[in-house]
Amino acid sequence: MAKMSYREALTETLHQEMANDENVIVMGEDVVGGTGSAGGPEAIGGVFGVTGGLFGKFGAERVIDMPISEAGIAGTAAGAALAGKRPVAEIMFSDFIGLCMDQLMNQAAKFRYMFGGKATCPMVLRTTYGAGMQAASQHSQSPHPMVTAIPGLKVAMPSTAADAKGLLTTAIRDDDPVIFFEHKTLYGLQGDVPEGDYLVPFGKARIVSEGNDCTLVATGRMVSFCEDAANALSADGITCDIIDPRTTSPLDEDAILDSVEKTGRLIVVDETPPRCSFAADVAALAASEVFSSLKAPIKTVTGPHSPVPFAKELETAFLPSPVKIKTVIEQTVNFS
Amino acid sequence: MQLAREELEQAYRQMKTIREFEDHLHREIAKGTIGGFTHLYGGQEAIAVGVCENLRDTDYITSTHRGHGHCIAKGCDVNGMMKELYGRADGLCKGKGGSMHVADMDVGMLGANGIVGGGPPLATGAALAAKLDGKGGVALSFGGDGSCNQGPVFESMNIAAILNLPSIYVYENNRYSEHTGASYVIASESIASRVEGFGIHTVKANGFDFFEVHEVMKELIAKCREGNGPCAVEFETTRFYGHFEGDPQNYRGPDEVKNDRENNDCVKIFRSKVTEAGLLSDEDLDKIDNEVINLIETSAEEAAAAPAPSPEEVTTDVYVSY
Amino acid sequence: MAKMSYREALTETLHQEMANDENVIVMGEDVVGGTGSAGGPEAIGGVFGVTGGLFGKFGAERVIDMPISEAGIAGTAAGAALAGKRPVAEIMFSDFIGLCMDQLMNQAAKFRYMFGGKATCPMVLRTTYGAGMQAASQHSQSPHPMVTAIPGLKVAMPSTAADAKGLLTTAIRDDDPVIFFEHKTLYGLQGDVPEGDYLVPFGKARIVSEGNDCTLVATGRMVSFCEDAANALSADGITCDIIDPRTTSPLDEDAILDSVEKTGRLIVVDETPPRCSFAADVAALAASEVFSSLKAPIKTVTGPHSPVPFAKELETAFLPSPVKIKTVIEQTVNFS
Amino acid sequence: MQLAREELEQAYRQMKTIREFEDHLHREIAKGTIGGFTHLYGGQEAIAVGVCENLRDTDYITSTHRGHGHCIAKGCDVNGMMKELYGRADGLCKGKGGSMHVADMDVGMLGANGIVGGGPPLATGAALAAKLDGKGGVALSFGGDGSCNQGPVFESMNIAAILNLPSIYVYENNRYSEHTGASYVIASESIASRVEGFGIHTVKANGFDFFEVHEVMKELIAKCREGNGPCAVEFETTRFYGHFEGDPQNYRGPDEVKNDRENNDCVKIFRSKVTEAGLLSDEDLDKIDNEVINLIETSAEEAAAAPAPSPEEVTTDVYVSY
């Protein structure tokens, strides 16, 4: 184990995987930083610093600064993957996914199926997401439900430094296209990270904490919000299962359903707006599969049906918070 | 015309196979036997074949919604394709893809594509892979005149240019995107002039003449293999059938198709060129015709009789593992 | 009332609204058909024939054939709407929405909010959707959940000829951006359509049929599938409320919840894959809001988590069917 | 330089206002008072002002992530903007938009835009509206060098060209998109040469000199108003600050910014030109300087003291009605 940040865990993984397999290539806007500039390349290594040092070690052929052409980036990655490479492409903010959605939904996601199981598209699309930095409506979204909905894609959302490494390693070695969401407020989060080869399997939830009264399901930054909410209630004798699915597709349905069968209560927390969301998805799953175990309404704690606002006060009002989650837990546990 | 006899025979066989394949589908679709949206390549054969005869199995192509010609020219199995179009279990794509998604990784055919402009970004990526592999491979995308207005197509050409990729952009200008005239929707003088604006070496050529296509492509592809970066071609061509099967074509000039069939039929042009030059005889060509007609008939009969996929197959092949 | 098809109802509406308001313009690929062709314009009036006759009546300035540039089409429409026009843009197949998702999710949907309520973007994006024609993976999708999830957009999905007219009229006069989904298998559907001005309000469900044992919620083509399933059960004395929300955003939550409170049972039918779907959305709503009324698990009948296949047999297996729906109704009604 | 005295004063006042606005933000952001992502326009003022002085309130512009200069030049209220950047309830966008989404429909400012390449399609649509309105209005989009690689930008230029729209595409080439050099990511010789490939009349000009900008734009905009269709300009320019506030700028040459500040400062260049030509005196300009500095100080103080939006505002303004 080594103590490092979520960011460092991702960087280490990219270094390891590029060293392990020469088919792994990294491409995106400013992933080198400074190509063609007066100061020369490797100025930055990604605007969040995740791809730092790769260019120096693996060179311009495998670490590629791309133009501001999201469709071109995703399409080039998909084509390279179809032709045997393992591209790790970066879309700087997942808000920009609308510019390359066709390459994801109609191309990468569907090759294998449309081509009768005879093609593979082992690409990873790394991207940042989430609110909390006053980055406003076009730089704060969490569009993981959009891609979770698409058959053929896998979707990973690490919430800890260890999972950042373990899930990214798995993503890069996976033969299917993976959309990899990194929460922009978590890059500095420190944690113990296993050294060397470390894989976290897809579709296997992390049981963050165990309890009896309520099941909380959350990903990314919302996991720690749930922990804070649950901790605030433990003095009252209320204990919660907190489940981080780690990947929304595939989804560890068993972990969620087993827990709800035990607790009889479910709250899903996510920072997207509510409609057709991952929160609704998990709620619907439980309402269908473990209905008889339910003791209370299934609740979701999400953002409202509005874009993410700029002003600090509004952004805070938009986001779920430990306090809001705590209130909903109390209501759910006290339901009768 | 410095092609060996076998090369000429092979080229003619390929063109004729495409022609017969499409003519068969045209008749069959009218009967209602084959479902889905089908776009026939008839009339454009010289391009697919003239291009692909210069490619290796290890080279990549991406195709379009009008993809049968490209598939056959790149070496996809005709029986497998026919079964695919009939939606059969042992079609090339197990009946899951259909006309717009025929593909065969084994021969570097990365798929027909139902998204206009979908192919070029993928070919650009395949070209990146080929460059990294360092074995002189190239990737080539086919696109129609209409595809040259899609943003992702421009993005990929720019990417190929800045990364100096062995990527070739072939535009088949058959004058129409669906029912809309190319001259109206394309602002620039030509597709070629616009592509040149990206600093990509671009050629305009006659797509009715197999020999011109072949020669132009031979040179461009060879340069590309040597690491000279991307290039593009705009071919003049025509389609004999409607945009899709069922299209009444009332947007075309009164005698446009008739005239094209008479004067711009690339198969006829090939035939008269090789016979006039004494390279192949009418008998040689008739023999090929018969073989091809036979192949298509047999493959259609087999396809018609082949079993449909079983319903459980609907959820297989979504992932490698899940 | 006049008897006409879903297609004719849409065409009539476009004619009426273009005559009513000179700010209404129509634009898209082949919406005239034949511009710049040897045969001259107005060859087709849209590949499904919906925009037929508009060019002849309103001219090239207001009925505009566009290049194959979905992002350009949606972006031009959004900009024209911001500048006071009421563009009705057509994206031929909703499968192509990935090419213009940025213009929808980050531009049209967010202007009003980002600009502090001072802008309006009264555009309509008409598009076809749905499986059933063997059009395969890239021409058969139903991406309404993707846009329903986006705050700032409204989403309409008519299932009858009358609603086709009433909802399209409302969409064109609405001051917010509307994504208007036309089911490609319904164009020929005949029905009675009110003459003259006819508006169906958004967010007001159609109660298709009334019953006691189960609530069925469905849109578009799935409505008639639900009717067939329910009819097949009426002999057994099982009766259903069938609710067609007509617009998925805004959603008539009251109609759905009132019905579920009455029947105690809910089945949501939709032809998308299941994850983060509209079916899950409605299920989650009920599981949260009328939990105490529920007598049985909430079920969804959707496509599987796979792309839409080409072969007839596979496409049929992909889609919900009256038989599949009937089976789920029986299971739900017999649940104990 | 055939500008009237008041026009010169106005131009200088606008340029100076932008400069001071940005300098104030630079200092303030370093203190942590202002949140979010902010991209400063300092160094490029001659372009925004030289362009917008030729526009009317009824003309439209779209802007970029680096939008403050365009907003001020097009006539957005500086106090409202300042409050917006501080996230205040009575900011121009009620604190909902912030730096990347400042907009003001009343002066034809259709929004800064956080999506690189987001503006040009919108401006193209506004140009379509202007054309239909038939009052000689135009729409103009600002974009950086990096934006010229976005597909939707190409698509819109083609659309504007085929529909002959009064749409003007201004590219501000400040040599970098974030940290990446323009010469590397743009395959063509220049942005201008690529745009010309779309059959759009395109000019290259010096963006350091207000007078050159003004003259070039005057002619282009006039032609556009007369119905001559779209046009484009590529301006050479520089930014004085980092890509975003906090950027250490180690991708720039050792003395690049220093040199630009000394020799390519458009405000300084304006000042020496007008004083040397005897059109305005140093006293005239100093007086404007003082007024501007005062305006910015006061507006910052007011903004700092203004109330934040109340939390319920998070769900208002999503729809006109819902």
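Just so it is clear, A, B, C and D label the chains in written order, and each chain counts residues from 1 on its own.
Definition applied: a contact is a pair of C-beta atoms (placed from the backbone, for glycine too) under 8 Å apart; a residue touches a chain by one contact, two chains touch by 3 or more.
Quick caveat, the model's predicted, so the values are computed rather than measured.
Peer 1: If you apply the touch rule, which chains end up adjacent to both chain A and chain C?
Peer 2: A chain counts here if it touches both chain A and chain C, which gives B, D.
Peer 1: Give, as an integer number of Å, the spacing between the C-alpha centres of chain D and chain B.
Peer 2: For chain B versus chain D, the centre distance works out to 46 Å.
Peer 1: Determine the centre-to-centre distance between chain B and chain C, using the mean Cα coordinates as centres, and give it in whole Å.
Peer 2: From the centre of chain B to the centre of chain C is 35 Å.
Peer 1: From the mean C-alpha coordinate of chain C to that of chain D, what's the distance rounded to whole Å?
Peer 2: 40
Peer 1: What positions in chain D touch 2 or more of the other chains?
Peer 2: Within chain D, the residues that touch at least two other chains are 91, 93, 95-97, 101, 113-115, 149-152, 155, 158, 162, 184-186, 318.
Peer 1: Residues touching two or more other chains, restricted to chain C: which are they?
Peer 2: In chain C, the residues touching two or more other chains are 66-67, 69, 71-72, 95-96, 99, 102-103, 106, 113-114, 136-138, 151-152, 304-307, 309.
Peer 1: So that we know how the chains sit together, what is the shape of their touch graph: line, ring, star, complete or other?
Peer 2: Topology of the interface graph: complete, with all chain pairs in contact.
Peer 1: Which residues of chain A touch chain C in the complex?
Peer 2: Answer in residue numbers: 71, 95-99, 101-106, 109-110, 113-114, 136-138, 143, 145-146, 148-152, 249, 251, 272-273, 275-281, 283-289, 291-292, 294, 296-300, 304-307, 309.
Peer 1: Quick one: which bits of chain B touch chain A in the complex? Just the residue numbers, please.
Peer 2: Listed in rising order, the residues are 60, 62, 91-97, 101, 103-106, 110-111, 113-115, 118, 120-133, 139, 151-152, 155-156, 158-159, 162-163, 316-322.
Peer 1: Considering the complex alone, what residue numbers of chain D touch chain B?
Peer 2: Touching chain B from chain D are residues 149-155, 157-158, 161-162, 184-189, 193-200.
Peer 1: Note which residues of chain B are touching chain C in the complex, please.
Peer 2: 35-37, 87-88, 91, 93, 95-101, 113-117, 146-147, 149-152, 175-186, 249-254, 256, 308-315, 318
Peer 1: Can you check the complex and tell me which residues of chain A touch chain B?
Peer 2: Residues 25, 61-62, 64, 66-67, 69, 71-85, 87, 102-103, 106-107, 111-120, 151-152, 154, 174-176, 203, 250 of chain A touch chain B in their complex.
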